[in-house]
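First chain A sits with chain B, and in the next complex the same chain sits with chain C.
This part shows the complex of A and B:
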């Protein structure tokens, strides 16, 4: 009887005692890659620098709060340089998982360098924090080991551009559109999306020029003349930063005045383009309005002015440009921080559950973090804007679409 | 014991056994897989450059074609992975066949034309107009055949076949005839060697090897873009590894891959900031002091290197 009572007491005590958190490790290991050289260095380094900046900031505060251990734990960033080489990236992703035994796996920037990580992460059942790899082929219902952190998937990204042209375009006199794009996954998918949105809209606009060119293209002179021959009312150019630089410079050199012209990186990496194209070449160009110009309401992490100030303090030489990619890297860091604060363990599926629980709830300087069921990012959309000269001759962003976030009227035709 | 058997027993079999055992010892299987892929590609370069003198700067064209041959068989014909790997080899050969007119060129002209042709194949595959066939620039995702372990074993089989080809070339009249063509095609022709047929055979064998390598690579990685599998790095690495060890030998490209790719990974993991400096100095040293590769350290002393 006494034995039974003792057993019942012990069982009751066990039930009444809160579950104690597991012993915390000395550090949380976050593994990632970056490209210090090669084709993707310009997009990779700002993303990586932002992630490093966050690690230093958090470690100075004693680490990040990890719910699984109910305390702050310092972070160790294990980062290797893949030099924009995908075969090297494959090996290094594997190294992070199998040798360094990282707790969290973060992909390099861009789809090409993220691609090797998708299969490797899935093979090792590691959840992949995909920073800016927007490739539609990464996200499928049968792969639970990935989510896109900081850019919208390419299939929905250009919706504001197409919506502006189909909703507001006809009233402005836009009826004929030229579509020029670089034949890579990032811009090719956006071109497909533009085509689809325009077709589905039923608006009285038609694509009169539709041409893909190799991503390595550096001279657009002949192409620009071909576009001019079609007399379009609007020209959409979808390319990486070097493509945008070459295209916009050639447009100025040829002396063509397209009435409406869009380029991706005029807005995403404005500093870089201003250096290479000049203020005049960017005037009245339409582009995505980056979060740095929009001051989104924030419920986690630094606001844009704070982040920009910290960035300028940390990188005073200006060698790593502050722009869209820097914000993307910091956004990834914030998602990681918030994930660790809600995940009950470091089990990879629990990390996934925690990441998905943030969907629609987490509001950072990059906008609202929202995922679809496959892990594709459907929040953090960038409105359409126009680069307009201010009274000092500098460029300022004027958001023109969607109307609810518009800060001004579009200037059409381009003066 | 015939030298071919000796080469198989003392070079090929031990190498295959080591790479069969290593996955059980070392966890970074993808690194081991990349070693195997570069061993195959370096030997593929050996077949065409070492035995005929044609330097294939665009060798990755065959590799990428193989990867996409594999992908198209899986996506459209729903073929099993092993069948798709064979199709990948045939895809590499088909591109090789289309490019046979390049063999009319020689030296730097051939190297440049071959490089240009690999870029042409890349842009053909990545053409958005072919989205329904190749998926264009949007990349392929082959989840149906995803099986890294099986792909690793398939890579070992391809390596065994490739080494078998090189052992044959090293020990046969055919290989001797190829080397005669490399040294002096006119004299070789006068001696009764069919120069054109010899060159085309070596060219197609080399393309087949790269195509098979591309097929097993596609099987292993399963998600890739044209830029991934047509990356010029594959050509450069394969050529540098083969030259570093010494071409027209069985052992040279193996030594080249094991040392240079080993150093490459070691630097990459430890001192990435000095990566290009160290690697560049290593290659400069090779060109200046050992133009015939590491094996020349032995052959200079009058010893034979298999």
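This part shows the complex of A and C:
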């Protein structure tokens, strides 16, 4: 009798086990890559530094709360340097999954270094926390293993730019547009989107110059002369930070005055661009208004001034610039933290379910986190703004489009 | 557009002649491939950034400074590395590995020291001391573009091209009008015969190595103006382009590099004008073409028999 009761008790215990929290591991392993050198270092290091900053902060508090174990668990960041090389990145992404057996996989910054991770993560059925890889081809209905954390997907990111040119442009006298872009997933997709939005608008504007250049381009003097020959009313330049630096410097050096000029990184990495292009070279340039200039309501994580202060305290030497990418890295960290707090296990599909459950609910210093069904980020939209000198000669952002968030009128033509 | 591309190509190409000439001098004399060439160029750029940011001087002052510093660095490095390399069975192959390693070390140390971000110098600072002369020669504003054939070009391009012509001229004077230069040409022609005739090959080689590095550093001073900005990782691309320019002109003939640079510059600007998406393939396409059609380079008469 006692034996039967003991057996029944043991069987009951076994059946009850699944509803209790599993044994917690000593640490949660987050695997990621960064580029300490090469072309993408300046966009990768701020993202990675922000992620590290969060890991140190959480570990100092005893770890991050993991619902699957109902307790705080320390984080171990397993990070390798891909040196901006996609082949090296491929090897290292594989290593993170197969050798290090990380619990969460986080991509390096930017579409170029995210691209190898997309296929590898999918092959290994590993959910990819895509930090800033916005390329349209990464997101499809048949790939459940990815979500974009901190940038709008490239297919919708340039909508405010195209909408401004097609809605407000004709009234200002903008009829001819030049489109120059770097031929990579990030800016190539944005160029396609700009073309599509302009074409679909039916507005009386025409693209008179449409050229792609290699991402490695560092000299635009001849190209600028070719654009000038087409007499455009507006010039859209879509490139990475080094492209923007070279393009804007060359525009000033050649003495060309384009009436309307857009560049991505003038707004995203303003400190870096100001150091290299100068205040004069950035004056009246149109760009995306970064979250640091917008006071988003926050329901999780630090607010912008708090994060900025912590960043300056942690990285006082200024070797890694504070900007859009630093905010993106911290936003990724917040999504991971919130995901772990709602996921009932570390199973990759459960992580996906948890990430998607945050869509529309999570409000960080980067705006509202919202995903479409493919994992593309559609919430953290950046308005179109213009860099205008203030009374002290410094640059300030003036949001000009959409009208509901505008803080001023566009200055056209560029003085 | 064609005239603009041709003039821009000429200015750009003259600068690339300077970028490549040091690499070719080192190869011509020692038959070693300095894969860290671009990294010395990058270090020259950081000297210019330092001269501008810390001393608030015209970056042109960085030209003699960079040259002297890197001639000395070259002499020290030569003593440390090259004799052992020359004593090996296959110095050309081993030099590739050795200087690749050196390149990685330089990039890593520079990254630790200065970070990964792009750095540049305000274009108006270059040649500020020559502003009156520039205005007299080319007209326009003292800090604006220069006018050539009725077209506007960045003043920094004209200054870089002018310094490049002067530097190439000085290399010519060194090679053809000095005793050390004559000995250098003798070593370039036949190292073993030069040694047999009693020439101090080691001394000649050390001088060529130092001058080669010095020329790379001088080219680096203008890199922030020609490429928009520089980072510690800049060296790799610079080495590849230098190699294309050198092979195009003639491997082992430093003055052939001048022609190689101009051909490269003009070709690059023409491709950027008419087939912009393909511009970055140019160094490799030119390398393949020259190796297929004229393996000794455009001025290949004096190519070494390796």
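As a working rule, the second predicted complex is superposed on the first by the 396 of 415 C-alpha atoms of A that agree within 3 Å, B and C clash if a C-alpha of one lies under 4 Å from a C-alpha of the other, contacts with A are read in each partner's own complex, and residues count from 1 in each chain.
In this section, contacts are C-beta pairs under 8 Å (C-beta built on N, C-alpha and C of every residue); 3 or more make two chains touch, one makes a residue touch a chain.
For clarity, every value in this text was computed on a predicted model and none was experimentally measured.
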Quick check on the superposition: with chain A as the shared anchor, is it clash or fit for chain B versus chain C? clash
Thinking of the overlay built on chain A, is A:214 touched by chain B (first), by chain C (second), by both, or by neither? both
Figure out whether A:108 sits in contact with chain B (first) or chain C (second), or with both, or with neither. neither
Could you say whether A:142 touches chain B, chain C, both of them, or neither, answering first, second, both or neither? first
Looking at A:163, would you say it contacts chain B, chain C, both, or neither? Reply first, second, both or neither. neither
Which of the two partners, first being chain B and second being chain C, lies in contact with A:255: first, second, both, or neither? second
Can A:37 be said to touch chain B (first), chain C (second), both, or neither? both
Just chain B (first), just chain C (second), both, or neither: which does A:183 touch? both
Listed stretches 91-99, 163-171, 199-207 or 217-225 of chain C, narrowed to the one that overlaps chain B: 91-99
Following superposition on chain A, which residues of chain A contact chain B and also contact chain C? 36-37, 83, 183, 212, 214
Okay, in this complex, where on chain B does chain A touch? 27-31, 34, 123, 126-129, 135-141, 143, 146, 148, 220-225, 227-228, 231, 233-234, 237, 264-265, 268-269, 272-273, 275-276
For chain C, which residues count as touching chain A in their complex? 1, 4-5, 8, 12, 107-108, 111, 114-120, 122-123, 144-145, 151-157, 226-229, 231-233, 237, 269, 272-273, 276-280
As the complex stands, chain A meets chain C at residues 35-39, 41-42, 45, 83-84, 183, 211-214, 216-219, 221-223, 225-226, 229, 241-242, 245-247, 249-250, 252-256, 272, 275-276, 278, 317-321
So in the complex, which bits of chain A are touching chain B? 36-37, 80-81, 83, 85-88, 90-95, 98-99, 111-112, 115-116, 118-120, 122-123, 135-138, 140, 142-143, 183-185, 188-189, 191-192, 212, 214-215
